[in-house]
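There are two complexes below, and they share subunit A, which is joined by subunit B in the first and by subunit C in the second.
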Partner chain A sequence: MTHTTQLPDRQPARVRNGTPHTAPPPTRQRRRPSSQQWAAWGFLAPVTLYLILFYAYPLYRNIDLSLRHYTVRSFVQGDAPFTGPANYLTVFQDPTFAPALLHTALFTAVCLAFQYAIGLALAVFFNQHFRLSTTLRALFLVPWLLPLIVSASTWSWMLNSDSGIVNAALHAVGIGPVSWLTSPTWSLVSVITANIWIGVPFNLVVLHSGLQSIPTSLYEAAALDGANAWQRFWHLTFPLLRPVSAITLLLGLVYTLKVFDIIWIMTRGGPADSSTTLATWSYQLGFGNAMPAFGPGAAVGNLLVVTALVFGLIYVKVQRKQQAP
Partner chain B sequence: MRRFSARRLTAAVALSTLVTVTGTACSTGSGSAAADDGTYTVWDPYPQFDKTSAWAKLLDQCGTEAGVKIKRTSFDTSDLANKALLAAQQDNSADVLVVDNPVVPTLAEAGVLTTTGENELDTSAVDANLLAAGQSGSKTYGTPIGANTLALYYNKDVLKKTGVDISSVKDWQSLTAALEKVKKAGHKGITFSAIGTEEGSFQFLPWFWGAGAKLTTLDSAEATAALSLWQGWLQKGYAPNSVINNTQTTSWQEFASGDYAFAENGTWQLANAEKAGFDYGVLPLPAARGGNAAAPTGGEFVTVPVQGDTGRYAVAKKLVSCLTSTDNLHTTATALSYVAPTGAVQAKQADKNPALEPWIESVKAAKGRTSDDLGTKYPTISEQLWKAVQAALSGALTPKDALAKAQSAVK
Partner chain C sequence: MTATLTSRPRRGPSHWWKTALGTALTAAMLFPVYWMLNVSFTRDQAMRKSPPDLFPVRGTLDGYRRVLDEQLPYLATSLVIGLATVVLTVALAAPAGYALAKLRPRGGGILSFVLLAAQMIPGIIMAMGFYAIYLSLGMLQSVPGLIIADSTLAVPFAVLIFTAFMSGLPRELIQAATMDGAGALRTFWSVVLPMSRNAVVTVSLFTFLWSWSDFLFAGTLVSGGAHEPITLGIYHYIGNNNQEWNAIMATAVVASVPATVILVLAQRYVAAGVTAGAVKD
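On to the complex of A and B.
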């Protein structure tokens, strides 16, 4: 997003700087900047239009939706009254809000921590070249390549209370059946587990490519100085990987905040809202029954957008600080 | 040279912009054509039927009779209501909309559908209990194309092995006793769907109504009794814990495994029951103290959405009348595994397929979910009801507390 918006800024600047060097005759001078200006605007137009049509307008519509009282009737007729922050107040006062917020925080934090830790461990492991390392690494990408509906359905079959393979395995070692998806204590754990499995490959790939950009000479020097494997990781790999880690975690955060499909397919946010996150709640409000509450649904969606934006800004600020000193 | 290329580029970019803009402009307007080019659009929730199906052929045939071309689009049932609302917002509705019956009052409330007064459809032959689902206020918003409902399937082999006499199952008590017997003999009792969607409410309603509860008071003693019945079955292991996440399809798969004595499921599974590989029977769902419980009606309504160009209604009426004529209703009902909504066609169905008789009886006793003038209140009530069912079955709340919470959320 940031670099696309920078592009239009830079181009006209370069065009303007370029003009004096060509030193054209005076008659042309009056025409040329304008023609080049037009060219610049021409170049700008598609991307601006694209941004307005597909980013700015939907975002504006969503904000507008969240500030009006929509019923099915006013949705069709387009005469919904403006109610200001009423929808947001409804959302904040809803008994589902606090649990949904807590579940979202837990879901995001736990998923990120495990995805990053496992991804990093695997990346370090695969960074040592050994036979079949590429093949094995490719296998780890499978969760990423599978359509979400496939992996989520498979997980929900595996975790089925009565006929799932997980409970069958537990039974084999003498542990009683666990209602993975149908008990309020386990449902959140189950969807978190599935989401970690799906998110590890992304972390693995990005961190692995980050590792490859660290020069091997550093490790050789450290080894000569007598640093053991753990010290090499802690004092070399980890600090040098910090920029890559930061972007991995930020992207992971944005992906995880808005996870919807896995939870919806596995538990529908239930039972008794025990795995409802802000994302599934927003969907439930907007499309969950035949009398949609578009306003509050859009309000919850906007809260998610704002959260992601806040973390994005924190990232930008941290990055600036790192580059500044 | 540079000047020319710059100009040429400008032209190219401008052109590409133009293409982008016109491209987006063209992408809107896929519903009914604004100009009357003789093409009429029909939206239905039957993606399982392709061009060669009896349903699609019937549509084309009706189009030919009315002298127009039919453009049919199929949506997933759960998707169709939202699609219809969006289309109406853009004055882009289909000419004929076939839609699940509980959605009809919602669409009517939104002003998407014409009344039978406006579109002049004749609904006099339709059973009153079925037509009620499409009525709101004193107006009727379409005509049912067929109905289905729920009943109790049972596995004769399992019952024989466990020594249960099916004629003894008359009310909740005797059903629970039968389940206990089945469980003691090492088989599985009953499976149903208590998922956290409309399907869950649909399956719970026969028990809810069978106890004498009303949708306007979710926290009544009768409602608590119905929910306690289900919860008790789960606690004692008569029903599997997986019912909390079962759709009606997954619940049927459990029954089809051959180990379950009973399954609550719908008319549409009849064809699959024949293929299940064991001897099965069908029983109307029992009410708490004997007799048949009212089950909710399923099935779609054929409606005529509001058009900017009112001249289109005449042809739309011809199409709907053709689809719901006595001869064609029989074709449709058979194609969809539905019970027809009129007495004449029901008699014809029973004549050709005696296995349908218990289902025809059930449909006659059935009740629309949005009936009793609930209309657009039903979706909100239903959502709280399925949430209460989920909370009680998963052990998060007692049946009484879960229903009290549901009632307070409906207000």
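On to the complex of A and C.
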């Protein structure tokens, strides 16, 4: 899973400098020289071709998959009959659909809420300068940098019912063993916990960089006016951080929607679909069975694309709005 | 002089508890990492002990011996795939970033938007599309195929980073190069690219890390092939022997080495990459 972001970076710079950063008016040359246009598209040609071949075409193949009735044989021979929306209807009527949708919503909402809250609290804490604050903040990045299979397998063993450290700790305080990964009640909680652990560093780093753009003079003024720490946070930090928060949450949303590895490695969506999300269900349909159902798998995947793109567009819109003064 | 002396103590003894709290929070956050290390040194007999040992007392290196015996080919494959993905990504993204930042191509805005949207596509969709394509091309279980697929994790991000960085390069420099008679390609190769070293480093680090960590593409496109990356090495371990967790965790520790090295040696690039666009310094 990759978290990348484009922060509204111009804005913090503007605030930091105190004076409105007057960007030089776009000195559009009267006419774009055509030789430069040729050069520009010469440089862009490889990536454009790449986008068409390795993004657009797989996406097209995926839509095509979802509109045909595929079997393993017709998959190889490429003569699957066109069935229109049949795969989508199959998916909607599948008893797994409603739980998968609910789990996706729950997983995304709970992960986002905790990642953001914990990330913000830590960002505020580490924004104070104390000895080792920079080093400790850097160490917080570790969970985010580790390969997901490493994090997922470590959590699997920690949450093991018989020999896991979590149940051992619970036992020490008198709580009986919990079947974290093997009971339908707890499997979703378990994967959510692991995913929150992975996502906190991203929120911490982005929100911390947002905090640094808030001028300290504002805090000093507020302190002089007698505002206590909580008031300063609630009336100053939080409102001023709103643009960065919006970007962080929206990006987090898009990335959490497509989380696959961590759930698949820890529970495979089970037991009894209790931790199945749209992403793992799609994989399950396409690759997880002896009898692959590529059509319905692709259909579920496309639903996920549409959802991600809707929120992605909102993200782009918010970002544009923030960059325009 | 007195002013500095009076303002110093604010950082000093009155704030020691913040360092203590920060250390405690970091320790709690990194506990799973510690646990991975601890289990990797635990003996088979002590693995199912209840409660588990908190420290690897009378530990063993058996897990790491298993890694050396069984996982080296996987690690080598991952290394090759990671490096090749980096080369491919930089080769595609750096020229594109230059064009978008400095040459103002017609339609550049649309291309940037497409790149941004491309980042939002769930990996499972790409995996299924690639699977369908590679199946008909007979490219399943091939390393070059996986390299191409892995590069899709990084290319849009890389173009954004290069664009942001190269926008900050002084226009005069490029103009001077043009005055001296350098063509567009020469300007890019001898002026722009050397000056963009930081962006190249950031992009390379993240690309390597993502391709090294990739599990989804590996699992769908090269599973069962002659060359599998380390993520599949670990996955097969988990699937095959549920008992020897010291070997699993030892492999996990080894698989975490690149992330650790990068964090120690190139921390500022990492932070820069997370908050992309802040690379200019």
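Note that in this section the second predicted complex is superposed on the first by the 271 of 325 C-alpha atoms of A that agree within 3 Å, B and C clash if a C-alpha of one lies under 4 Å from a C-alpha of the other, contacts with A are read in each partner's own complex, and residues count from 1 in each chain.
Everything that follows uses one rule, which is that a residue touches a chain if its C-beta (ideal position, glycine included) is under 8 Å from a C-beta of that chain, and two chains touch if they have at least 3 such contacts.
None of these values were measured; they are calculated from a predicted model.
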If subunit A is used to align the two complexes, do subunit B and subunit C fit next to each other or clash? clash
Counting only touches as set out at the top, which of subunit B and subunit C does A:Pro46 meet: first, second, both, neither? both
A:Leu141 contacts which: subunit B (first), subunit C (second), both, neither? second
For A:Ser156, using the defined touch cut-off, is the partner it touches subunit B, subunit C, both, or neither? Pick first, second, both or neither. both
With both complexes overlaid on chain A, does A:Gln36 touch subunit B (first), subunit C (second), both or neither? both
Identify the partner contact of A:Lys321: answer first if only subunit B is touched, second if only subunit C is, both if each is, neither if none is. neither
Counting only touches as set out at the top, which of subunit B and subunit C does A:Ser183 meet: first, second, both, neither? first
Considering only touches as defined above, state whether A:Arg73 meets subunit B (first), subunit C (second), both or neither. first
Just subunit B (first), just subunit C (second), both, or neither: which does A:Pro271 touch? first
Most subunit A residues touched (candidates subunit B, subunit C): C
So, A:Met291: does it touch subunit B (first), subunit C (second), both, or neither? first
Could you list which residues of subunit A make contact with subunit B in one structure and with subunit C in the other? 32, 36, 39, 42-43, 46, 50, 75-76, 78, 156, 162-163, 287
Interface residues, subunit C side, partner subunit A - complex: 11, 15-16, 18-19, 21-23, 25-26, 29-30, 32-33, 35-36, 39, 47-52, 91-93, 95-96, 98-100, 103-106, 108, 111, 113-133, 135-136, 148-149, 151-155, 157, 159-160, 164, 184, 188, 206, 209-210, 212-213, 215-216, 219-220, 230-231, 234-235, 238, 245, 248-249, 252, 255-256, 259-260, 262-263, 267, 270-271, 273-278
Listed in rising order, subunit A residues that touch subunit B in their complex are 22, 28, 32, 35-36, 38-39, 42-43, 45-46, 49-50, 53, 71-73, 75-78, 95, 156, 160-163, 177, 179, 181-184, 267-274, 287-292
In their complex, what parts of subunit B are in touch with subunit A? 2-3, 6-7, 9-10, 13-14, 16-17, 20-21, 24, 81-82, 85, 88-89, 102-103, 106-107, 109-112, 195-198, 240-242, 244-245, 254, 376, 378-380, 382-383, 387, 390-391, 393-397, 402, 409
Give every residue of subunit A touching subunit C within the complex, in rising order. 1-7, 9, 32, 36-37, 39-44, 46-48, 50-51, 54-55, 57-62, 65, 75-76, 78, 122, 125-126, 128-133, 136, 138-143, 145-151, 153-158, 162-165, 168, 171-172, 197, 200, 202, 205-206, 209, 254, 257-258, 260-261, 265, 279, 282-283, 286-287, 294, 297-298, 301-302, 304-305, 308-309, 311-313, 316
